[in-house]
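So, here come the structures, one by one.
You will see two complexes here that share chain A, one where it goes with chain B and one where it goes with chain C.
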Partner chain A sequence: MSFFNIKGTVNPLTALAQFAKKPHTLRFPEVEVEAKDRYRGVHYNDLQACIGCGNCSTICMNEAIDMINIAGIDSSKGDTGLRPRVDNGRCCWCALCVEVCPTGSLSLTKDYIYVTEDADAFLWTPGVDNPEGVNLKSFVSSKEHSLNVYGRVPMKELVGMERVKSFAEVVLGYEEAEARLEASRCISCGICTEVCPEHMHIPEYINAIAAGKDEDALRIIYDNNPFPEMCGKVCTRRCEEVCAMTHRGVEDDPHDKGAIAIRWLKRYVTETAPTAERIKEIVNPEISESNGFKVSIIGAGPSGLTAGYYLALRGFDVTIYEALNKAGGMTMWGIPKYRFPMDSLDKQVEYMESIGVKIKYNTRVGVDIQFDDIYSNSDAVFLGIGYQKAWTLGIDGDDMPGVIAAVDYLREINGGGTLDVGNKVVVIGGGNVAIDGARVSARHGADVTILYRRRVQDMPADWEEIEGAEHEGITIVPQGIPVKFIAGDDGKVKYVRYLKAEMKVEKEGARPSPVAIEGSETDIEVTTVIGAIGQEADYSFIPESFKDKIEINRGRIITYEYNQTKDPKVFAGGDTVNKTADAISAIADGFQAVKGIVKMLLKEE
Partner chain B sequence: MEQELLDLLVEHFQDRIAGSVKSDKRVEIFTSTSAIEDVLMYAKNVLGYIHLVHFSCVDWIEENEFELMYAIFSPKSKITIMSKVRVDRENPVAPNIDYIWRHANTFEREIREMFGIEFTGLIAEKEMILEDWIEMPPMRRDFDTAEYAKKTFFDRPGREDAQDVRETIIKRTGEELPEFSKKYSR
Partner chain C sequence: MKQDRSTTLYLGPQHPGITGNMMIKLQLEGDTIVKATTHVGYLHRGFEKLIERRNWLQSFTILCRMCVPEPDPNEENYARAVEQIEGREVPERAKYIRVLVLELARLASLLLWYAGQPGSAGLYTMGQWSVGDRNYILDLFEELTGGRIYHMYIWPGGVRRDLPEGFGDRVLKVMDYLEKRWKDYDRLMFDNAIFQKRAKGVGIINPKKAREWGVVGPPLRGCGIKSDVRIDEPYEVYDKLDFQVPDMYKDGDVWSRALVRRFEFLQSISIVRQVIEKMPQGPVFNKIPNPHKWVVPKGDALVKTETVRGESAFYVVSDGSNKPRRVHLKGPAYIHGFTLLEDVLVGANLADVSFIMNSLGTCPPEMER
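Let's turn to the complex of A and B:
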């Protein structure tokens, strides 16, 4: 090698050629590059779609997400009113928050540049602080890739035409593995508890089921609901309507929309305790010593029994007066046994009696015992008398033989009686009572037609009841207004004459009402007509002088805080008080009255 | 071709391995810590699986085991063999393979630090990513990341107004949550 290496001098100069080329780097900030698809930059939240369930905050392993109140977002049913705020100084952009967002409102954007001298400015409320993020969304949640499971574990049922052969229970219930799987879908936000009239501890008992602790689940349920098996089978389940898992829908489940099967899970837990003794063993309630106060309850329906159960636990001497020979109210006499079997109910009532609730059966107040006597011998009275009396149809011929009321029919059948309705039945009405009447008639071999004034989608009955009826071969004739019953030679009803109706919106914004089409008279041949257009209470047992003391307005008893009436000694609940007229509202009424009675008599909170 | 490869491996190692064809160009085999070196050597030197694509670990906490996964690839057959080995979670030791592929050394350091698995004869600095780490290895599933974040980092000022979702609802409805059920709350 020579002393002077020409290559060593010249070769580096070739680097000068780079001056003529385009640089590999970018001149930031003059030039910006758009981030790639699925880039995980700062968060964006669709504030309207978000329901404030807090799942993002729970999953965040860096504790970077807080749930906060922000101006302009109010809470409502199904929305906590809270929204997430992210500490971007802590965020590690793992995007788990997006993966678990049940509504899909949270996403990460392509925006990744943020410069500030104030580190505390890293606290961001996505959607509020970056409204422009709506156009920059890149890492979005999809139902397919979400860590949430959207479809519910299907419930097994008897098939339609198999059902009408007997009164066997239609819904078959979850197996243990199915229940665990379904329970583990719950994100435990608790949004459901707000719409439950009784505010049951739903996320807690579902988590207990998911963890395999069925006994704990039952104890949690019994904390404020002594009728879990009934609710597990026939509850109107408003909780499921607002479930966080419903917001993105499920294609093959248009009604439940993939809501956690809260009702079926409750049912599963109650089935793990098959007898009253077993319930007592598991729940093992603390029963206070007798406090010497006497409480009388009129009507052994859900509200009366609930009040009775919790009062007995608090040491009150509780007596329930029941006109009929079995307890349960409408859940015993109104709900058909294929939905809520007798032994399910008996088991629960038996358990209540075992902890000290006294029920006097076959004791009709006003006949067998006077209201005044009960009133003067008790420290508090609870009225849970329900809506027993059917409204008459108010149609020409509604008093002729063969025209009966659904509640009377159901009471007869549920009590073990036989009432022959013949082979052609027309049910008038569109509520749950109407459908029950129709499905029971079908089980007795009748061809059943339901005549309803409005459209099918206007029917107040549960969708699953309507669907159940259709599967069982029941014909629904919507937009049909009955006008006349025509008797046959034997004086019994032979034809129902009805007019077809069209739906008209009379006032803007009002719900469309049926208007009869003239000349559209149609006759259907019948053996029995079952009317189910509503019920009312029978207050005849209350002396006139007393009726003024406890305001009764338009058939309802007016109550104040803790379901107390104008007479401080009298509390009331159930269908005669609340407008929702379902079992869970009645239970809630009974529970409130217990709080009121405890407060009034024991002078404590 | 995948099945042929699997048959060849099973024929050679007999009951020391088991496996299946997972999909097109992908073969999965299960073996033991005592056999894994032989399997990898044989695959590399005889069958031409010359490239160690990936080497990683899964914590099967429910089964009290770790699973080491060695993905090796042949540029000729274009097949990837996923070789899996289970090690006891209580005493996690596996053989060092960095004499077969030098870059396995880096994978092993990472797995040692993140899962706490010892590789017999591995020569490398103890610390790789974590500094002065005194907790349990952080990629183990029983490591509570949220708890660690809570005790290690302070909350930025301005976060005091954070609300608990369940409490917010309870406050609004007047629900009385019994004490014993609170362990099931989120």
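Let's turn to the complex of A and C:
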């Protein structure tokens, strides 16, 4: 550096050239500056797509989001009715809420200017307070970028034709690692809990499984369901239909829609306790001292056993009267063993008996013991008698040999009996019982056809049952109305004659109904026809005088709060009370009745 | 009465000449500093403690806030530490994008230094230029990440979103512009006789002490010592990129450090260009499990990045739960703001305090995590 630094004096002056240049700054607000396409400004929520799962609220570490009730949105099946409200004063604009939104309803917008001196005014309900945000969405959710895991861990099963060789269980269950992985997908929103008839603690036990605490999970499950293994295998799982994960899982998985496999997870947990002793060891229930009250339960089905189990825990003297030689009701006699093996059920019943539930087998009420005796010797009676009497088909020739009812057939087979159905079976009906009848016949080597009045998509049976039947080589003939059974030379049924039907919508918005096409008669050769069009209860054991006291309407017992009938001493549950015809509803009925009996007799909640 | 020639002066914590909310207690004799003591505590937000209560994903949104001018190395460090503990693979493209983001952040941060260094010597024009130019980088960040200052973009497993359509071209355009501007800056700042006079021979660091104390980054390189994590322990894809680390500026004064940064500015531009050119196609994110239940196995990891202020290290410990047990940041400012600053200030002129601080890159949020 010389004494006089010419470069150092002149060069900085070149900055003066900037006077001749255009400024870099924009004259805001005269010039509008639009944010870029991914900008993370204030939230916008599509209120219709949102299901109020609250996952945005849980992930927000600033506690900027809370879930509130808003006008015009009511809770419904699969929707809590709550919507997120954002405190824009707390938000750090990380957009994790967007990344974890299972439906993709939440997004951030290009809107970023809001000035007020009122701190409370920063509380916005996205979508309500900024409807214009719909056109400003910038940081949006997508399945590709979502942090939710949408794909279900696939369940291993026996392959189609391998199954019909035996009554081995079709579903093989999750391995430990698979269960952990599947459980870790759950976002614990609890929308499932609301639709479960029994309101099981689903997020809690799934969390326990994800954390590797299987014993905790089993204890949580036993809190309000004494039949986890049954539910883990054959539950109708309405919980999975509403799972938050279903909203974006449709493409890859049209049936389950990527719902968390709640049923299979429950199954996994129950399999970690292989014996009744082990269940008792893990659950280690607190059994109250005897309170001196005597409760009689008629029918050892899911509802009766549930009531019996929780009443016994509360110190009641419980006796269950069961007409047959095994407990379980329809889950024992109706569900084929490839779906729900015998030892699964036995283990649970054995555990119940070990905590003090007394079951009197082979005791048919009305024959071996009179209803009046039970009624007068008990402080409360629970009726869980189920629907075991099949409807007759009501078709010309339905009383001829070779025409049987599916429930009778299943009862015979499940009881270890043999009933030869021959090699050509037609099953009439489209519900789960029909499919069960068909798949059991197939396992006995028969060539099976299911004849159903409506279309396949109208079948009330579970989709996985229908699919399972198809995989096992069972033919489904939809839109076929049986009209006549024709006997062969031996007097046994030889042909089923049916008419083809077309689906017609008679009234706007009504369910299309089948209308027979004249002259379309077709005959199928059969060795046995199995009817499965519905069942009803058999109330013959109840004395006429008493039937008036407990209101029976169209085959069902009318119940009130806590499943109490008109006679305060009598409670009822299961298929005789509700129309859903599934085990979990029966369990819920039993559980409610326990609450009612405890309230009535012990005068406590 | 005894006469005392010394004055005690508290500089900060709200003084605009300070590089953030910290305070230095100065003992002066006349204009000359005889003792300097750093006082912190004005910016303590408890980041490290807060992280213990957040799950592994939630933590990443707070980490960037440990450094305003250059938040991305913190995100990258954390992500890499978690990946290391978990053994999670990161897609190649994501690594390139990470380097792109890191270098853009380095440029943005250097531009802030271009404002602060001459600004603290009274050359304010420079700051208006460089902060204006920094805005072009912030625009790029806004387009890429959705945020201008805090990007929350690099997370464990990769990055959040792929580059938008045509983003590379826009980056290159900004790089061309900045290279041109670099020459303007030279004329205004580095050629400037007054700046040179202020910078040369001021705030001299003793290389031996620097080594002993763990001084890193431009203060160390300004002593002629070649040290850069990107070369010494390459991370992401730095080993596949061609760039130089300066070791020719050996004076250890503010001027040398300024030259180091001036040199690195061009190097960063070159790295950005290479990254855009070499970036492969492919996924950018190796998906993590459901964040609520994401459990990182037991273990720990120590990772380092070269920030614009020097080597920044993260120590992350997992106890096998869904929350980090400990996330510890050792930023360069921790040494530069205490040990080094207190030493360098002795004998310096009062008017040079903030000038020296700017050259050391003292960053209070890094000192009090």
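Everything below uses one rule, namely that the second predicted complex is superposed on the first by the 582 of 605 C-alpha atoms of A that agree within 3 Å, B and C clash if a C-alpha of one lies under 4 Å from a C-alpha of the other, contacts with A are read in each partner's own complex, and residues count from 1 in each chain.
By our rule, a residue touches a chain if its C-beta (ideal position, glycine included) is under 8 Å from a C-beta of that chain, and two chains touch if they have at least 3 such contacts.
From a predicted model like this one, the values you see are computed outputs, not experimental measurements.
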Let me test your reading of the model: by the given contact rule, A:Ser188 touches which partner, first (chain B), second (chain C), both or neither? both
Quick check for you: in the superposed arrangement, does A:Ala35 touch first (chain B), second (chain C), both or neither? second
When the two structures are overlaid on chain A, which partner does A:Thr58 contact: first (chain B), second (chain C), both, or neither? both
Tell me the contact category for A:Trp93 with respect to chain B and chain C: first, second, both or neither. second
Name the contact category of A:Leu82: first (chain B only), second (chain C only), both, or neither. first
In the superposed arrangement, does A:Thr25 touch chain B (first), chain C (second), both or neither? second
Of the two partner chains, chain B (first) and chain C (second), which one does A:His199 touch, if any: first, second, both, or neither? first
Looking at A:Asn207, would you say it contacts chain B, chain C, both, or neither? Reply first, second, both or neither. both
Please report the chain A residues shared by its interface with chain B and its interface with chain C. 58, 61, 187-188, 207, 211
Looking at the complex, which residues from chain A come into contact with chain C? 1, 5, 7-9, 11-12, 14-15, 18, 24-25, 35-40, 58-59, 61, 92-96, 99-100, 108, 138-139, 145, 147-149, 183-188, 207, 210-211
Show me the residue ranges of chain B that touch chain A in the complex, using the header's touch definition. 145-146, 149-150, 153, 155-159, 161-166, 168-170, 172-178, 180-182, 184-186
Within their complex, chain C touches chain A through residues 54, 57-58, 61-62, 125, 129, 132-133, 135, 139, 142-147, 150, 152, 160-161, 164, 184, 186-189, 191-194, 196, 285, 287-295
Which of the residues in chain A come into contact with chain B in the complex? 52-54, 57-58, 60-63, 66-69, 75, 80-82, 85, 87, 89-90, 119-120, 122-123, 187-191, 193-194, 199, 201, 203-205, 207-208, 211, 216, 219-220, 223-224
